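For reference, the structure discussed in these notes is given below.
Note that the chains are named A, B, C and D in the order they appear, and that numbering of residues resets to 1 at the start of each chain.
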Amino acid sequence: MMNDMAQDATAEGGRRIGEVILDLQHISLSFGGVNALTDISFDVREHEIRSIIGPNGAGKSSMLNVMNGVYHPQKGNILFRGEPRQKMDPHTAAAQGIARTFQNIALFKGMTVLDNIMTGRNLKMKCNLLEHALFWGKAQREEIEHRKKVEDVIDFLEIQSIRKTPVGRLPYGLQKRVELGRALAAEPTLLLLDEPMAGMNVEEKQDMCRFILDVNDQFGTTIVLIEHDMGVVMDISDRVVVLDYGKKIGDGPPDEVKNNADVIAAYLGTSH
Amino acid sequence: MSDTHGQTGLDTFPRLLMQHAKLRPNRPAMREKAYGIWQTYTWAQVAESVRAIACGLAELGFKRGDRLAIIGDNRPRLYWSVAACQCLGGIPVMLYQDAVAQEMAYVLQDAEIRFAVVEDQEQVDKMLEIRDEVPLLERVIYDEARGMRHYTQTLLMGLDELQEMGRIHDRNQSDFLDGEVAKGASDDISIMLYTSGTTGKPKGVCQTHGAFIAAAQGGVQFDKLTDQEDILSYLPMAWVGDHLFSFAQAMLAGFTINCPESGETVMTDLREIGPTYYFAPPRVFENLLTQVMIRMEDAGAIKRKMFHHFMEVSRRCGADILDGKSVSAGDRFQYWLGNLMVYGPLKNVLGMSRIRVAYTAGAAIGPDLFRFYRSIGVNLKQLYGQTETCAYVCLQPDGEIKLDSVGKPAPFVEVKLADNGEILVKGPMLLKTYYKRPDATAESINADGYFMTGDAGFFDEDGHLKIIDRAKDVGKLNDGSMFAPNYIENKLKFFQHIKEAVTFGNGRDFVTAFINIDLEAVGNWAERKGMGYSGYTDLAAQDAVYELIREGIETVNADLATDPRMSGSQIKRFLILHKELDADDGELTRTRKVRRNFVAERYQVLVEGLYAGKKSQYIETQVKYEDGRTGKISADLRIEEVKTFTPQATKQAA
Amino acid sequence: MLYREAGQFKASYKEDQQIFPIRQDRVGMAVILAIFFLAVPMFASEYWLQAILIPVLIFSLAAIGLNILTGYAGQLSLGSAAFMAVGAFGAYNFMLRIDGMPFIVALILGGLCSALVGVAFGLPSLRIKGFYLAVATLAAQFFIVWALVKFPWFSNHSSSGVISAQEVNILGFAFDTPVLKYLLTLAVVVVLALLAKNLVRSTTGRRWMAVRDMDVAAEVIGIRPMRAKLSAFAVSSFYCGVAGALYAYTYLGTVEPEGFNLDLSFKILFMIIIGGVGSILGSFLGAAFIVLLPIFLNVFMHSVFAGSLPAGLGSNLELIVFGGLIIFFLIVEPHGLARLWTLAKDKLRLWPFPH
Amino acid sequence: MGFFFEVLIGGLLSGVLYALVALGFVLIYKASGVFNFAQGAMVFFAALTFVGFQALLPGWTGLEEGSVMVFWLAFILALASMIVLGILTEKVVLRPLVNQPQITLFMATIGLSFLVEGIAQAIWGANVRALDLGIADEPIGWILDSADMIVSSFDVFAAALAGILVAALALFFQYTKVGRALRAVADDHQAALSIGIPLQHIWAIVWGVAGFVALVAGLIWGARSGVQFALTFTALKALPVLILGGFTSVPGAIVGGLIIGASEKLAEVYIGPFVGGGIEGWFPYMLALFFLLVRPEGLFGEKHIDRV
């Protein structure tokens, strides 16, 4: 099933894998002397689906956090669209078109699905506080204009019936979907997904898989994905990076990675 | 709106549409819940879109008399495609959207379809699947572009693209379409609807503009419908009822059609729109009532008591108040109070506050069910009709509602009974022909021009028609007494715990029954009693459930015993089926009617078991799962006896 | 039960985004406004106006201010009273020192002074959260009151900082009777409440709530926590400041810095806890509750002890009841009276169904 | 110079008192993650209860007023009251709020402080009461003679008492089973559960111990400046102490207390005159505020990294 979809996307796809968009060079990150990442280099190309896999504690989430500026590596260079960046805040990353989801759902619990996704558009909303207070004319028009975009996202993710539900009341699988929606609302060029399918049942996984492929395909969004389900990863990824204990032990197309001896030993061998 | 009909020239749907675009260009013709709000289209916009689609179709080579298949949920653009097709003098052919590809292949072949407008990727996939079997199919036009990016087949085209094409065409030859509309005649076929038919292959019923306009006209007149009505269109477009209510009547009266967001949101959308005019088959009303009762069970004791008290009041006088009969001042006050506390709010949460007229048809409706809605002030009425009669034969007039009749013959309709009790009808709404089936046409319309409905019934003293059963299903027990299976089954199904029932008895000594329990109602009942169960099969086999069902059947028996014509067909033995009858397994039609013969054949062993006097019977059945896989389930079904009543004894008891 | 929503469908986003999307709510609101603008001035006694309605309105405004900061932006403050003081003294000085200063402008300027001070004391919120921040706002509370007492310039050199509000005069019309003061207060409060509601349902409000609910995620989608928090401090303090100015001008007439003490800050905090954290409506309910409760208790005690009221029992009972209620609400209904109303409304909308 | 030291020592000694109150905060925070704003109210409650019993006991028992017996009986009764109060608080207020956001718990303890103050005054009256521990509040002669500094014997006694208390607590934590359990809880609730210690049990003990600390602090403070409502405000000064010392550090509480005590006195004496005096009221808070900006985790707290 998923295999079919993956082939659809690559075989017939109108998407072309392009230039390197994000280049990570010799990244090392440590917390209080404990090394989380050691000398890791890899790149992400435009329009591709790039997966990061590895056993628990391999440093996958840290890697994502480095990418969008939550963590600052002690060593190494990051080039985004060829521009080196030294220190960067997450909101600067967001302004550059990097959006992400989190391993543990990080929705705004007190808000509805609609409002959560609306926050995803906040960078594109230009009205100031006074205009918001009046909520008349420009501010109202802006709100409506962005509501339309958000409704597109809601439609895309097929969550119309929960539009006005507070996110706290939703089941886990739907919350994950809403979180993806919030990231999509920002119309990112680079989307980082941290275990988008963790804890889901088969049907939910299939849906999520379809959404990820559709996003990649329809909007040309570059996707970096962390996922535990090897079936999914091998199906939908263009290239896979394998981490273990903060070190890179494999990198390449799924088939190549699958047959890499180190990877089998460190990861596949132990968990399968 | 009666004036429109009187005017000459407004005798086809395209002309009606163009007239509305002129008369009320800014009134809403359609709304669709999409992207969180009710997107509204005015008559002018609709007419413009219809023109575009029509011109687009013409550009593709669609010719006068061509059939256009239309497949999908109730979407505005699909309704527009119907109108567009009619503009060109074509014949729209609606298909049930949940049919599987193979079922569709037959219709597409039979109707020699060259063009199809379908809703989305799902339907496109079906078309592609059967493409080789329907070589005539030239173009499949899809409404919803989602997921269609990688379909490269030249067969396919987006409706957007078609409309764009049509607009250019219309600009270049602005009088083309008007010319096409002008060519249309009242006697042209306006639509082809396939009857699902309990036996044989479906037949295409060809109806003319004149027939549907007459049927719509009669209904509009009868219930004084105006252009202010709102109706929710959620029943399959391929069903004659939807075409009459959501298309023909709307086109005639100029009222607003509202399309729900999706199948799951119908109830919410119903509540939001609050239609003034509503149509639903009995099962929808039944599900609603079941839900009302289940939800009320969870209410606090005081509220529940209040609810039941006022329900009692409404049973006593609600229907009379609605019918304008005289009611005591005390009851009137109680009813007023009840309306404030219960009926009003209840109608509000069900989305029925604004209903002026509601109809039900398609199957018998239980008297309790029917009375419930009327007594809380919903003007629910029954009508009677077939695809062949534009669903328009009898209507219940306001103020003259009888629970067990389908009302009086509608305006322009003549009804008479054949010697064997079969109902015969005549009028402007009769079908022109079955498509390519002169034999069937000849068979169903007799020499005097009456359509033979195949239903058995009689007129009561007030001239109201009462339906008993399908004429051909009415059989005899070995002792010669009448056996009307539908009649009995309907009585059984009026119990909330029984979802489906199939009875046997023709040519037998006594009557037996298969029962399907209602999983929701019985499940709820079981939960309240603290019974555990793992699913339908498990629940259906439990002793307490058998006991519950037996009580229901005994009540039916007691009721049957009071009618001298029916007392012989009391049920002696029954069993509860181990699976729910399912359209996917061919046991039900797409309109959820039981296919009696098929069921009897498929469960032959069980029928034998019932008559062989066994205590239980083993059965193994193939089933189709939702994902298309098949599997086997087996069970050892218990067979139980039921008490029957002598006609004498119950008369005394009653 | 009273709701009849069938047929109230939204055909545009504008309709969908109204403050009161349900017609019955709009009607209800109009009726309430009519009562407070028309009926109350006609029928309410001077005592009701001066001792109850005016303070309730003013405290509602202060509670809205604190709610914006605490309820919406998630930053706890124990210094609301101090910001009220800044507003009161600010407005006083603008009126005093600038000839022909229109009152409304002074009110706004007073609020802006408070907003500035609020931003200054909100700066630590960029690095600290939760009760660390609460302690930081305590610094504002003590420091501001101290400064207003110690620097006589603020109070025009009156003893111990007491100021007497000038006459309120708008476009030559003197607001000198309780009814007029009430109407002025009401008008200001209604307008500001509307603006607050608009803010919290706009992008500004969503940014605040995002920072409140999960600041890391907020930052990742491009919200600058610094701006969000400081804007919340500014708006919150503005509201408190205007409330403080009204407190001086339409309620008490004469105020001293010590009147804006920690107790008052706590009172405002209690208003939002009992009324409803994160609710504009709750701010009104909480303010009314906290103002009315002591009055009710007083009446109650007098009827129980019939004149032989043990000394101090009244005020102690007030402490006990306040404290007990806070704990009760936090445990039983952390979203306060506003949530109770929401629940009741949901019930009414679904009536006769229980859920 | 002598004057400087005199002020410094005076400040340090009152800092000891802040430290004592702060200690109560730290204990509870460490064990249950609750920032107990009501600690000040508990100090007030404890002192008032002690004084109340001290006044009533002679009448009840016929013991001689002011005798050692009365003192200890009152102490025991007050301690019992504190333990009851602590356990009740834990059961009635905090347990239903388990798993709520910390800020909610914090607000609950603000409510609690009102409740406790109200109850205390409703029972014992709102008058200022004198409390005599039998220690004279007069300059110690030899220091006055040798260094020409005024150092109160009471202050020294109080400091010594506080020192003993801290030492005792340290021993309690280090060497008793309950103490070890407490530390386990502070480190990791899950871990504590897994070694089989009933969490609720521990919380009750902690609240009891916090009550005891509050009683000692209340006695000393009450003896010095009378038992009155203002005690609760003075106790608020423990908040900046905590910010300096960190919420989880016992040594932090002590060092923080000393710093706050000393600096507020020095500031009052050396800066106060230039700005009109009375800066003692806010100086500790401002100090804490600036400190926060530099080192949000406190003197001894650990740097905290947000995991994402």
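One rule holds for everything that comes next: a contact is a pair of C-beta atoms (placed from the backbone, for glycine too) under 8 Å apart; a residue touches a chain by one contact, two chains touch by 3 or more.
All figures in this text were calculated on a predicted structure; none of them were measured in a lab.
Between chain B and chain D, the least number of touch steps comes to 2. Looking at B-C and A-B, the interface holding more C-beta pairs in contact is that of B-C.
Once the centre of each chain is set as its mean CA position, chain B and chain C turn out to be 57 Å apart. Centroid to centroid, with C-alpha atoms defining each point, chain A and chain D lie 49 Å apart. Centroids built from CA atoms put chain D at 33 Å from chain C. Touching of two or more other chains is recorded for residues 13, 216 of chain C. Touching of two or more other chains is recorded for residues 308 of chain D. Contact with two or more other chains is made by residues 36 of chain B. Against chain D, the residues of chain C that register as touching in their complex are 74, 76, 123-124, 127-128, 130-132, 134-136, 138-139, 142-143, 146, 149-151, 216, 262, 266, 269-270, 273, 311-313, 315-327, 330-331, 334. Looking at the complex, you find that chain C touches chain A at residues 13-14, 17, 195-196, 198-199, 201-207, 209-210, 212-214, 216-224, 231, 235, 278. Chain C contributes residues 1, 3-13, 15-16, 349-355 to its touches with chain B in the complex. Listed in rising order, the residues of chain A touching chain B in the complex are 8-9, 12-14, 114, 147-148, 151-152, 154-155, 160-161, 163, 214, 217-218.
Residues 31, 36-40, 230, 271-274, 292, 295-296, 298-300, 303, 306-307, 341-342, 344-354 of chain B are the ones touching chain C in the complex.
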